[in-house]
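Each of the next two complexes has chain A plus one more chain, namely chain B in the first and chain C in the second.
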Partner chain A sequence: MQQLLQRIAWLPFVAAAAILFYAARDLPTMADPNAPASTHVSPRYIESALEETGASNMVTAVLADYRAYDTLGETVVILTAGLACLLVLGAFTPARSGPTEKEAMPYEFGSDIVDATSRLLIPFIILFALYVVVHGHTSPGGGFQGGAICAAAIILVRLVRGRAPGLKLLPTYTVAIGSIGVLVYTGTGLVSLFFEKNFLDYSGLPLPFHGGHLREMGSLSVETGVFITVTAVMVLIFDVLTMGSEE
Partner chain B sequence: MEAETLSVVNYWLAASLFLIGLYGILARPHLVRKLMAMNILQVAVIVFFIILGYKSDATPPIVRQGDETPIARNYINPLPHTLMLTAIVVSVSTTGVALALLIRIHRRFGTLDESELIEKLK
Partner chain C sequence: MEHTPILIVLVPLTSALLIPFLAMGGGRFARAGLLFATAGSLLSSILALRASLEGEVLSYHVGGWPPPWGIEIVIDPLSGVMATLVSFLAVLAAFYSGPYLSGWTARRTGTFCSLFALLVTGLQGIVVTGDLFNLYVFLEISSISAYALLSSGGSKSVVAVFRYLLIGTVAASFYLIGVGYLYAMTGTLNMADMAARLPETSDSPVIVVAVSFIVIGLAIKAALFPLHGWLPDTYTYAPGPVIGFVAAVMTKVSAYALYRILFYVFVAGTGPREPLLLLGWASVIAVVAGSLMALAQKDVQRMLAYSSIGQMGYIMLGIAIGTPLALTGALLHVVNHAVMKGCLFMVVNGVQWRLGVFRVRDFAGMGRRLPLTMAAFTVAALSMIGLPPTAGFFSKYYLALAALESGYIPFLAALILSSLLGAVYFFRVLEKVYLSPENVEKTRDTSELPLPMLAPILTLAVLVLLLGVFNQTVVTELIQPGLPS
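Take a look at the complex of A and B:
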């Protein structure tokens, strides 16, 4: 049965290939400014993002302002993925809440050179991550990217020096930090709800700014939440996956 | 005509990536390879969306300094970029969950090969 299935695996493959290669002819010409993807809502985003949201990076404007609901969902998905990793590997039961003594420094590969180089690099990587988040409105960047960079720095510490000298964050704490990120996100939305605006409508925030600048501050707060969640969950997934087996 | 041929070739490249991933998922017996194939498939979807967002003679979707009234023609479509930005992070998370499941399977059965797994499940 198994071998039969593997032998006929090329059938759906060929069918999918035929459909995809045939359908490519009907797709809009590449780089056509009048293609359907570029005509409906996208011109609205491009032409009014700077004025309405104060963000000259339209990707951030769409991500954190126009489609903030969507991004809230994505952030929760990431947190859920981290939780799922933790639950699947059984690390959330009380007896198994942290690395045991034997596993405390399982995977380090630090030589003196790697150690010295990483010591030099890591502060700058973390600083760059913060820059990417804070400057995400005027240059490429944002919460997701900054979070990934910051998590890369923390994971680098763990790879080079083992878990013990790095930030000693147990998975239970990383999950809590990730949840704080989602809380910052939803909290920003709820504050505007209390000031008689819609959920995640940043123009209701009680800050001493007006118009686009106010909405920029709102999306910055949301991006900070995303940054916290992404950093925490990436580190969490790394920790849980490298925890080593007990069985 | 030239532009159309070029765009079909581009779509074909994305479709080829997709098919490599699909073939890996269907035909390879090892579960880690299936996971890698799934990642290739996701990259194919991302590439496809990025192709859709491109415009000729346009700049990245960041308003240039001094451009008070941005015109849609001058900037590429920011929407696919936004969607793919979140898709990349979500694909990292799903890969993490899949790896956790694979570790779990390996701990339980000592193998990640599909046919051996089916034998052991009998």
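Take a look at the complex of A and C:
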């Protein structure tokens, strides 16, 4: 029975794919200007995103402003994943594979050459990460991408130099930093609440800007929150995967 | 006041973010943070529910953008009742977790409490949203935090939850594909807007496929037979306070989402009955199979898990029949089952926490050992069987009436058969509890459960009786305003 089921496990997969392809014939053609997807909601995004949100990148306008509540949820998903790793993997004590946090592991991997090369690269990686965050308004990019790049730089330090010489970021602190990131996001929204606007309505922010520019500042603030969370959680997940818990 | 709809989600979310900092001061502060999170959500839910019962549907535009461009949060009597139910059980579970978490390190307690608050955030987000994609985002938050919490019960639970994780992710993808197809056909994600735009395209196969994928996705999350494979192991090995809450509300929130989409977006009440009938037959099998499997179990917690599969069948059956009477029964059963199953799981986990036993035969003589806990167990079990005046009788009564009225005699037969089977498997336990001599060794601490565990259990048991006695009021004041007009 078990074997039979294993052998026909591909059947539902093929059936689902076949159904989807069958239905896809009736979907509107890709990039059809008369399709519902391009005539109902999106014209407003296309026509007035720059004026209303200050973001010339329409994707960012939808992501960080029109549907900022969804993006808040996605950021929380990332933090939740970090917390989940900490709860599940942190439980296996003491470390089975790696050394504990307190043990230094200098030069676990690498050499002087790797070390020198990484020193050269890391400032540029971090700078590029910040560029991607700030420029998310005009070009592809944003907090998620920037956070991943910045986390790559920190993980590179971890890989090359081991934990002790690098930034001493224990999981306790990376979790806290990740929470701060989402707090920046929700905080931006909550400020509007105190100025009698709806949650995440950036036009309520007490900043010396107007219209689209003010909303742009709001989006930049939440993107910064996303950046902090993504960076911290990536480092956190790397840490709990590579070493045991301190408990 | 005008911001209460968003506070239902924001209070537990912000608390979850602050709990890691509170935990630096010690585990007690983290637990206090969790209590604040759940109590705040409960208070906002009650305020929003009261406002919505006065006849106005609260619509909150997040970001100040009007729907369909922005995301809308909708509190009508239906979502108000669900939000109150979820946060009420969350408060009780937060109390219940106190003794369970004592002895944990501060950091682990903090992580646990933070994830618990995020689970409440996710479920409340699903309940209050008026946007199909936003529902998916919060479905993810609730699922991921639930995976983590359910797997924190030891290595067996990790293996069990890994399967849940795989199946649950597939379910979420099914839902997302369905929403994607719907967006391609209507150009909107707002539920009310989509309901208005769907009739133009409703004969297209794309819509049929989209509905099927959404129904399958949410049915997996709601553990409808035969898509229930993840549930028994996950529930059996889960840690106590988590399962008390998850078993009570999590599958119901998925059923609620399914109901909301079927009846408010697709307006299934007015359409052809045949597709719904398919769901009805699946539910009939679920009702019977769940009860039969429950009968075969030796482990009490596993028995309750299979019984949950049967009970989800009742709820789905009500949705499938789709008449106002059946929907009343289904929604009433969502409330009733949350209360009584929450109570049962909390009792069984309390017994396991105190005495380390979990088999049916280990419950021998428990009535003398833990009299109050077992009294609560008895009340909830009688309600599961469906004896008046407990709550369970009335929801089953509505469902049976609805099945009879619509002429679905096999559905009625399944309901009766399942109730009889329920009587067998619960009386099997009750007989051990009250009539058999004790057989647990005397060395263990056998006094009553500590107050933080006992109080939620007794509250739920009393609520089972109150919901039964005042069932007429509950139905006319809370359930019927929530039916689609």
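Throughout what follows, the second predicted complex is superposed on the first by the 225 of 247 C-alpha atoms of A that agree within 3 Å, B and C clash if a C-alpha of one lies under 4 Å from a C-alpha of the other, contacts with A are read in each partner's own complex, and residues count from 1 in each chain.
FYI, contacts are C-beta pairs under 8 Å (C-beta built on N, C-alpha and C of every residue); 3 or more make two chains touch, one makes a residue touch a chain.
Predicted model only: the values in this text are computed from it and were never measured.
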item: Contacts of A:Phe209 with chain B and chain C, given as first, second, both or neither; value: neither
item: First (chain B), second (chain C), both or neither touched by A:Val240; value: first
item: Chain B versus chain C as contact partner of A:Phe13, first or second or both or neither; value: first
item: Partner chain(s) touched by A:Ser56 [first = chain B, second = chain C, both, neither]; value: first
item: Chain B versus chain C as contact partner of A:Phe128, first or second or both or neither; value: neither
item: Which of chain B and chain C A:Ser42 touches, first, second, both or neither; value: both
item: First (chain B), second (chain C), both or neither touched by A:Val175; value: second
item: Contacts of A:Glu74 with chain B and chain C, given as first, second, both or neither; value: both
item: Chain B versus chain C as contact partner of A:Val88, first or second or both or neither; value: both
item: Residues on chain A lying within both footprints (that of chain B and that of chain C); value: 20, 24, 27-28, 35, 37-38, 41-42, 45, 67, 70, 74, 77, 81, 84, 88, 247
item: Complex interface listing, chain C residues touching chain A; value: 3, 6, 10, 13-14, 17-18, 20-21, 24, 60-65, 68-71, 105, 107-108, 111-112, 114-115, 118, 121, 125, 133-134, 137-138, 140-141, 144-145, 147-149, 151-152, 158, 177, 181, 183-189, 197, 201, 204-206, 208-210, 212
item: Residue numbers on chain A that touch chain C, as the complex places them; value: 19-20, 22-24, 26-28, 35-42, 44-45, 65-70, 73-74, 76-77, 79-81, 83-84, 86-88, 90-91, 172, 175-176, 179, 182-183, 186, 190, 192-193, 197-203, 246-247
item: Chain A partner contacts - residues on chain B that touch it in the complex; value: 3-4, 6-8, 10-12, 15, 18-19, 22-23, 26-27, 29, 51-56, 58, 60-63, 69-73, 75, 77-82, 85-86, 88-90, 92-94, 96-97, 99-101, 103-104, 107-108, 114-115, 118
item: Touching residues (chain side chain A, partner chain B) in the complex; value: 2-3, 6, 9-10, 12-13, 16-17, 20-21, 24-25, 27-33, 35, 37-38, 41-43, 45-47, 49-50, 56-59, 61-63, 67, 70-71, 74, 77-78, 81-82, 84-85, 88-89, 138-140, 142, 144-145, 147-148, 230, 233-234, 237, 240-241, 245, 247
